Each structure stands twice: as C-alpha cells, then as structure tokens.
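As written, the chain order gives the labels A, B, C and D, with residue 1 at the start of each chain.
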Amino acid sequence: MTLNIGVIGTGMIGQDHIRRCHFALSGAQIVAVNDINPEQARKVVQDLGIEAEVYVSGHELIDAANVDAILVTSWGPSHEEFVLSAIRAGKPVFCEKPLAVTAQGCKNIVEAEMNHGKRLVQVGFMRPYDQGYRALKAVIDQGRIGEPLMLHCAHRNPTVADTYTTEMAIVDTLIHEINALAWLLDDQYVSAQVIYPRKSSQALAHLKDPQIVLLETAKGVRIDVEVFVNCQYGYDIQCEVVGEKGIARLPEPSSVQTRSGARLSTDILMDWKERFIEAYDVELQAFINSVAGGSVQGPSAWDGYTAAVTADACIAAQRSGLIEPIKLPQRPAFYG
Amino acid sequence: MTLNIGVIGTGMIGQDHIRRCHFALSGAQIVAVNDINPEQARKVVQDLGIEAEVYVSGHELIDAANVDAILVTSWGPSHEEFVLSAIRAGKPVFCEKPLAVTAQGCKNIVEAEMNHGKRLVQVGFMRPYDQGYRALKAVIDQGRIGEPLMLHCAHRNPTVADTYTTEMAIVDTLIHEINALAWLLDDQYVSAQVIYPRKSSQALAHLKDPQIVLLETAKGVRIDVEVFVNCQYGYDIQCEVVGEKGIARLPEPSSVQTRSGARLSTDILMDWKERFIEAYDVELQAFINSVAGGSVQGPSAWDGYTAAVTADACIAAQRSGLIEPIKLPQRPAFYG
Amino acid sequence: MTLNIGVIGTGMIGQDHIRRCHFALSGAQIVAVNDINPEQARKVVQDLGIEAEVYVSGHELIDAANVDAILVTSWGPSHEEFVLSAIRAGKPVFCEKPLAVTAQGCKNIVEAEMNHGKRLVQVGFMRPYDQGYRALKAVIDQGRIGEPLMLHCAHRNPTVADTYTTEMAIVDTLIHEINALAWLLDDQYVSAQVIYPRKSSQALAHLKDPQIVLLETAKGVRIDVEVFVNCQYGYDIQCEVVGEKGIARLPEPSSVQTRSGARLSTDILMDWKERFIEAYDVELQAFINSVAGGSVQGPSAWDGYTAAVTADACIAAQRSGLIEPIKLPQRPAFYG
Amino acid sequence: MTLNIGVIGTGMIGQDHIRRCHFALSGAQIVAVNDINPEQARKVVQDLGIEAEVYVSGHELIDAANVDAILVTSWGPSHEEFVLSAIRAGKPVFCEKPLAVTAQGCKNIVEAEMNHGKRLVQVGFMRPYDQGYRALKAVIDQGRIGEPLMLHCAHRNPTVADTYTTEMAIVDTLIHEINALAWLLDDQYVSAQVIYPRKSSQALAHLKDPQIVLLETAKGVRIDVEVFVNCQYGYDIQCEVVGEKGIARLPEPSSVQTRSGARLSTDILMDWKERFIEAYDVELQAFINSVAGGSVQGPSAWDGYTAAVTADACIAAQRSGLIEPIKLPQRPAFYG
C-alpha cells in the first residue's frame, strides 16, 4: 500500500522531498516528476537513482493513472494552476507555500476544494509539525498558563541576500509566524500595525530592518513579532506566550552546553535550514499518512488563504504606518 | 566626617532609610527627623534606638544647623515644597520618587536647582544602582551587541490592591522603566502608544490589565513594555536589548536550581520588595558618598522632570489610543 | 530493494521494532516472526496488520530463504544461540542488549563473527544514536574542550519495581553508560570501584541505592557515575565531560520553559521510554542502511563483549569494596 | 558605639578589610595597625587616609586600651600566636584562614578559648556568608530535596602560579569546600580518598592536576570534589546536593545573557577575587555585629581545627592512594 507520488518542480526543495520519500519516510515513493526544465527533472531522477517517469507537462503528471498524490514544489506563481488541476483530478496535493501568490488565487483554490466536497490540499507550513511548537501548544491547551493574552515573538536571520526587500519581511519571513501563531492560538487576526525601529547599519540601503509587526486577534490577543533579518548572530526563532496565570516559551534548539573561554554557552544555529529540518520529515509523513487514512489534514487551503489576506494587511500597514484592519470571512465548517 | 542627615517622613520607606544609614551603610547618621504626625516620628526614633531630634516642621529640620543633607520620604504631594526648601538652604537632598506630582512641579525644582548653580538633588530611582541593570549597561557601553535598536521589557506583579488604577500602571509601575531605560540607552523619549490586549480575568473590573506601552526614543530605538500587574506567577522584571549585532538580557535574580517533582526550576520572587533590595543600599550609599565628595550625582531633578513629562504622554496615550508625541526641551548642559 | 527482516521475539520491544520498520522507517519490511509462544507471534502479526510468516523455530526463521536480516528481541538468555545461528547463516543480525548473558557468551559470538570474516552483528545500544550524545561527541572530537580528563555522570530513575536488585544497577542501568562512555571517549576501562552513599529512605530494604561507580580508562580518564534509581523526581541522564580547556554537557531533553506559580521551570521526564525514543528509530534505520550498504556498523559484538567484562568487574567491586581491575584484550583490528 | 579595631598584617587582605571597615561597613573603625614591616603599616594608614596608630608589636596592639577587637591578617604561620594573645587579652578576634598552620596549633586555640569560657574567635571562612551558599542551605534545611545523600562539587581555577604545589590543592583550594560543605550539611568527615585523573597538559610538570577528592561524612553522605586549578576557562565553583527526593544546585554568579556570534552565553569569572567579593563584606559585618551583640558567631576555632584535621587526612590520601580515616573528637557543646 505504498503511496505513489508525482512531484512538480525539482529544485532544491523538490529534491529534498524526493529524498525524504525514498530514504527517510515510510509508505511512499516518487513515481513521476516534472520540471519547467525537463533536463533538470531527468538529472534529478538519475542522480537520486530512483525509478520515476519524467513528464514534460505538470498537468499530464497530475492526470497520470499511477500517480496517487501530488507534491507542488515549483515556482510560486505556478502553484495555483497545479493545485487547481489536482483538485479537478480529485487527487490529494501537498503544496509548498505560498498556496498562491495572491489572496484571490488562494480563494479560488478554497472554492474549488469546497466544490469538490472533500479536503485534498495540504499547504507546506511546517511549524505546526515542529516538536517545540507542538509542545508549546500542548502547554497552552492543557491550561497550564491560563488563557493566552499576549505573544512576544522574534524571527531573526543573520543576513539576507541583496534581493531581499522590505515586503519580503512579510511574505517570506513573517508568513511563518502568521500561520503558526493562528494555529497556536486557534484564533484569527483582526488588525495589523508595523513599526520601524532605528535601522541596523548592517542592513542594505534599500531595506528597512528590523521591523516590528503588531497583530491583534479576534479574541483580543496582542502579538508583537520582531522581524530582524540582519541580526548577525544567528537564525533565531522566539515565541513567548503570556497567559492569565503563567508564561510559556518555545524551546531553544537542543545544544551541548559548554564552559570555555570565560563563557558558559550553547550554540545558536546560523543556517535556517537546520532549524526545522525534522519538522519537514514529520510534515510530509503526516501528509502520506493522512492520504493513506483517506482524509487530508494539516494546514489547509483556508489557512493558506487567511495567511495571504493577513500578509496583504501587513504590507498595507508597512506603507501606511496605520493600524490596518484584517477582514476575514468566518472559517467555513468545511475547514473544521 | 560623618554626614548628618535629616529625614522628612518616617513611614515605611523613611524607616528603611534610617535603618540603612545606621546599620548598613558607611559615613552617615540620622540626626533629625520629621513627620506630619510628630508622634510617629518620636516613636520611630525610640524604636530604632537612635539619637535624633524630632522636628515638628520639615522646613525647620531643613534649616537646622547640624543637618548636612536631607532625605525626603514623605507623602508624594509634599515632595516639591521640601525639595525646593532644601535647595533654598543650599543643602543636598535625596527625594524619593516622585520628585513632584506634576511635570510643572518637577520643572520648578529644575529651575530652582539651576538658579542655585550646582546639583543638590538626587531622585530615588534605584534601578540604575541595581547590579543587574549596571551589568546590562556595561555590556551595551562596551559595544558587545552594537548599537541598541529595540528593547523588549516586562514589568509584572502577581497581584495589586483594589485601589490600583489603570493610570497607576504608568505612574507607579512603568515609571521605573521610564527612568531606567532612558538611563540605559542614554537617550530620551519622543512618542508613546498604549495597547490594551485581551484583559486578564484575574484583574478587577475597573482595571485594564495587561497593557503594552510602546515608546520611541530620539535615536529611533523602539521599546515595548508589557505592564501586567495581575500575572499571578511572580514579581518579574524583564529587559532585553536588541542591538545591531547581538542581544543582551537583564539577569534573572539569583536562585538555587532544583530538580524535584518532574521539574527543573528556579524560584521567581513573589514580593517586589526583595527584587531591588540591594540596590536601595547602593543608591543611598552613593548619595552619601557623592555629598561627601562635594558633588551630587545619580538620577537628577532633570531625570525626574523628563520622567513626569513622559508619564503624562503615556496617560494621554492610554486615553486616546493614538501615538502621542513627547515634547521635551534639550537636556541642559547643567545636567551633563 | 526493500530489506526483508525476520524478528525473533515479539514482546514489547519486538513489537516496537516491527512498527518502526513498517510505519516509520524506510527500506525494510518484516516478512517473518517467531516467538517462544507462537500464539503471541500470530497475534502480533494480525494486530499490526502486516504480512509476515510465523515460524515456530527461530533457527528456521533465520534460515528462511526470503529473510535477509534478523532482529533478535527475545528473552536475554536466548540471544547467544540466535546470534550464533545468524552468523552461521551469514546473515546480518541486530541483537537487543545483552548480546549474551555472560562475558564468555559474548566472546563466543566475537570469535564466530571473526571466523566468518566480516561484521554481521549490531548490538542494540542506542545512546550512540541519540542526537544529544552525538552532539556531545562532536564537541569533543572537534577539540572544543581539549583532551577529556574526567566525566561526571548520573543515571537516575524515579522509582524501580520490587524485583530490581543491587546488581541490576550494573547490568540493567549502568550498562548503558558502560557502552556509551567508552564510545564517547573512544577508550576502554581498566578499573572499577563502587561506593555506597547513605541509602535513600525511599529505596526498598533489599536494595542499595544510590551507588556511585568510579571507572578508570586506559587513557587515564576518570569517570564517576551516580546510579540512583529511586530519586523520585524524574528519569534523568546527565553526562558532563571535563576537558583540558573546557567542559561540555549532554543537552537536557527539549522542553517548554514556563513561568508559573513562583517557578521558572522546564519539565523533567518521568518515563524512561520517552528519553531516547528517537534514538531507537535512528538506530534501526542505521542498521537497515548499513545492511543495504553491505557492511554492518554501529555497536559491535566486541562492544557487547567489553561491556559484559566491565559489568562483571563492577559487580565484583560492589561486593569487595575494592578497586577491581578490568582486564580486556586489545581491540582486534577486525573491530576497527 | 563604634567598634574600635586593631589590624595585624597590612598586606592585600589586611588593606581590603581596613577599606571595608571605613568605607563600606557600618559600626566599626580601624584605630590601630601593625605589620612585620612597620613602614608598610605606616604607608597603608597614610594612603587610606585613616587615623590609626601604628604599632611595632602585634601583641602591644592587642593589649592597647582603645582596641576593642582584632583582625589577624598577617602571614599564616603567625596566626596562632596572635589569636592566642587576643584570647589572653579577652578580646574578640577575627582570624583569616588558616587559624593555625597545624592541627595541633588549631587545637591549642580551641583549648585556650574553651578555658576562657566564651567564644572570642571567628575564622575567615567566607562561603557561609555567600548569598548563593546560604540560599542552597536554606533549600536543604527547608526539606525541599529531602535528606542529602551525595554532593558533587568542583573548584576550578583558570591557572595557578608556578609555586602552587600538589598539596596546595588541599590546603589552599579544597580547604574552602572542607569548611563550607560540613557547614552546609551540619555534618563532619570520617574518611577521605584522592584520585588522580589523567593529568592536564596545561599543568606544570611538578603538579598533579586535576585531582578528585572523595569525602565521606558521619551521616554517610558521599562527596566528590573535583579540584582542577588549570582548567583554563574560568574560576568556577560548583556544588550540587543530591537529596532523597530532589537535587539543589549552587547558583551561578549573576551575569547578563547575550546572544552574539552564534552563541547564547553568560560570562564566567576569570578572577577568583570577584567570586565571593560580597561575602567578605557580609562576613566582616557579621563579626562587627556579633561583637557589638556580645557573642562571637560564625566559623569557629573548632571549625578551623576540624578543617585542619580533615586537610591532613586528604594529604595522607594524596600520598597513600588509600581511603584514609578522619578521626575527630565529638564537637564540644561549647561550639554549639
């Protein structure tokens, strides 16, 4: 009962997922691959030594009889059409973020999926599969700190490439907090404000860095997220939940504690890829298992849509300096 | 060369300072005391077994020939007149916070002191004398984290009395951060905003709790201070300074680490009086030493004045929901 | 290229390994099972819903044509004969600890394997597969703390069953440190001493608890291991390596940090099964991968043998109160 | 009611204590000083700007009419005669460690003091005045970890001078643990064993470093103390108490936590003088207060004597490699 998967997009993350399915996870194999550059697809199949058919068309791959489920890991702007195509084919699809590059695109997917009548889409937000975030959510859900009132968060990178823009602080960086914190709180956002602190001299001229994003939820929880992508010292994700009777904090990544050179210290990761590396395995295994179990779970098209709407409001707040409302329809019963 | 001190106000804090001078600190003794209730003053002198004259009038105490310096620890609204009186007498005066109950009152003192031509006043802000804050300032001043860009702070009490009001979150609680953070950054405030998160069910009906105060400094540093006075779990002061190349955090109070009952833990203080108890000794010893050295140092009348103006803006922000400007004149050269 | 595995012994740990192979790991499936109680074997196959033949004889299972490799998870005293049988059949075998219940039994396996001419046996010591121990070893091997000189370790359980004996502190509990620390240091033991501190009133009458075992290695490293199996507060594994220029400490298991009820705390595990749960997966995946790669790796029959000899010396030291020598032949080149 | 103190020995520690009395502590002043080198004594008086008479003879200083109490801070071998002289004069005396350079010398003082009929001597063991050790003792005494069973301790220096010998690891270094741990446990020692781990390549040829000292107490508590005086990384004092139901650990010195350069770290002190600097103030203030209160408290001549006997046994154990008994008479009721 091995799940036969087709992969659209064989760049770095596509290759990672292929490797996962073949060498780390249980119950799945890659039987078909597609890339906008067919040579690239062929090379990946050969290099990884897997037996998979190379399709020139992503849509043909989706429709192939031996393909049970689809991984969309292509260029962001192409996600929407492939996910819609998978829904038309009635096949489960795991789509890396973003679900679509516009809120409207996400909405199109939500509507298609609801018309289909059953969940087919899992969006590649991996933090809900991170052991630390799950432990944090368990502490909250067990009532150990009472009702959450405030979240103090940070998302820091040591440096970013020249191509990184002020808006990418929202759509590439904050987007993970947008998803994870709504999931953590089982809540949704109602307003956003962006504050620009003194700019770091380490940031490129065109970039406003750091930024502080203030989010408000329907339940009144207030969230501050420091986004600081030139912090120099490490890739560091912080999340502190202040509840009515206590505080809970996301665990630091495990590290050997050393005493040396007049310092008692633990290491901080410099490379973001290592931070949630185990969560990617858990996330994709969960997709495989949920498909095998007959019902797709995890971050949904609705979550992708609301993240897109929230990100749009944050960008508006970046530009206006004002508190921007976030208007979201009620979560359909379809999405639980 | 013992400094002869007169104390105005023999309530709890006045008594504490008398005990400090006689039983813990070096180089000073209390020779005169005054209280609005002379019986209380007499009782304190007797109970502590010190030899000090009881004055019915604070002003007469100030003018007494054998009194070298004054401690003002009376009811807040009386501070201004006694400090002004001490300045008129040309005597050093240590005044517990607030320096005066209005910004105008503080300004009157600033002007009187400047007219006198030499610093005489030290205001009783004790955090700059706390070992932890001093260590934090040293880390910043040594450039170990680069230029400060953001401060994430919290001031939490387990509970407060019924008489505590929403405004007191500013004038009684935040006032310590207002003073300490400007000192820490060697900077002053230019705007304030107040955000009300979801209210804790543990807070009394009339009280908005928690609150988040956002302050902006002249150098562009952005500060968020969570004020949460019904947090249940402890008296907890947090201060994290995010710099251009690193982050520094105020030390937790020292505590034995235990492993017991499935928890690895340290104690959190429940009583605010223990948190800065050593700082009070250091603060008053510094006053005694600076008077002996011929020039009053430490938190100045100017610091008291700017704290009052900043607090006024925070209260305006509590009411308006807007970002309120803080308009302060430039720090006179007189105040260094 | 799925590895077909036969499992001998379908008790708790056997079932765990079957589940791992089918639902968590990559590249293996269970095709044959055996148990001293055939009904038990049949029930496990049925309950887990796997397709595997039930063998009444472990030796027949080993010889079955479609069985590529063996997992021995039966009763300890039966390990030796099944491992020897697997070696005779020239098949890779993963044997849960102990490799054999006597040092001589282990030696018999070592000799059989060396006569076979190629490594076939992996012993089920899982700590070398634990992320924390691996990180600790990396810190040592990178020279970050200089040459190791001393290890301070602890192995604590909250409580133990009535059947637990003073000797089991060595053969059931310390045995993990015996293996892991030799691996960590790439060294072997030359003497052992056991000290009995004041007995805990929480320990049963027949049991000496806690105990401190002092081990000395060939390189002169001194190790103290506190074995305390009624420590009440948690299952807690500590390992601190003191090197010539620094100290490294095994990471604590990841946990949410909370502030509540006047305590700043993280959780300590109470159940030993959770402590190394991920290491079991890594360990068995490593076996599968190494068999697929053509050469068995990981804890060897030699490691099983030296652990048995060391444990015997510790038991002698428990009885004599003296420093007992540990006489081991040199590690054969065969074992790297 | 200022206590008039005479100081014998104006080297570094003598000067420190003079400064303490005049500029930090309450209730005492130095009125007389003596040094084996009278010029040195005169220079110290002049440099510190104090009014104190310089005595050429320590015994005359002790007998001076205006001297109420004595501080002995001279060369170790001279301690015994000055303390005996102070006892003869019936004057309270604070004597830096060692009380005498032999156990017999200490015993002579104990007998003289008991003959005098009232405690006069406080020995300069400062750890019982350290805030951290006091907090640790409070945790034990409150029963939070149950009865103590084992102590795991370390005393580490970054480096030592060429003149440091293997024996000094006991008499100069371990002596502090010998005193502090007996106080902590309210217990006394019955045996000692010394183990020599692999020698650090950082230690000078003549020196055995590190050493592990194993102590056993009358109640059966087992203590291991790692003494490592070339550990390179810092001056580090560790003390972990394992009780029947939990573990308590001496607090680390307070330090700002930083995130920088891929490390989350706190500073470790390099200079031993900073580690207990506040304890020296508390210790001497306690002496001043206890004299004022009419009864000398704190570490007693008996404690000095038992520390000397214990140190002698440790040195015997260094030489013999055996478990050496420590034979101590019962603590006289005189010493509480």
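The rule is simple: contacts are C-beta pairs under 8 Å (C-beta built on N, C-alpha and C of every residue); 3 or more make two chains touch, one makes a residue touch a chain.
Note that the structure is predicted; figures quoted are calculated from it, not measured.
A.B. asks: Starting from the defined contact criterion, work out which chains touch chain A and chain B both, please.
C.D. replies: Output, common partners of chain A and chain B: C, D.
A.B. asks: Between C-D and B-D, which chain pair is linked by more C-beta pairs in contact?
C.D. replies: By the number of C-beta pairs in contact, the winner is C-D.
A.B. asks: Farthest from chain D by Cα centre, which chain is it? Let me know.
C.D. replies: Most distant chain from chain D: A.
A.B. asks: With chain centres defined as C-alpha means, what is the inter-centre distance between chain A and chain D in Å?
C.D. replies: About 59 Å separates the centre of chain A from that of chain D.
A.B. asks: For chain B versus chain D, what separation do you get between their C-alpha means, in angstrom?
C.D. replies: Chain centroid spacing, chain B to chain D, equals 38 Å.
A.B. asks: Whole-Å distance, chain C centre to chain D centre, using C-alpha means?
C.D. replies: That gives a centre separation of 45 Å.
A.B. asks: Where in chain B do residues touch at least two different other chains?
C.D. replies: Those would be 232-233, 245-247, 255, 259-261.
A.B. asks: Of all residues in chain C, which touch chain A in the complex?
C.D. replies: For chain C paired with chain A, touching residues are 22-27, 131-132, 135-136, 138-139, 144-145, 245-251, 253-261, 285.
A.B. asks: How about chain A: which of its residues touch chain B in the complex?
C.D. replies: 146-150, 152, 195-202, 210, 212, 214, 219-222, 224, 226, 228, 231-233, 242, 244-247
A.B. asks: Could you please specify the touching residues of chain A with respect to chain D in the complex?
C.D. replies: Answer in residue numbers: 232-234, 236, 252, 255, 259-270.
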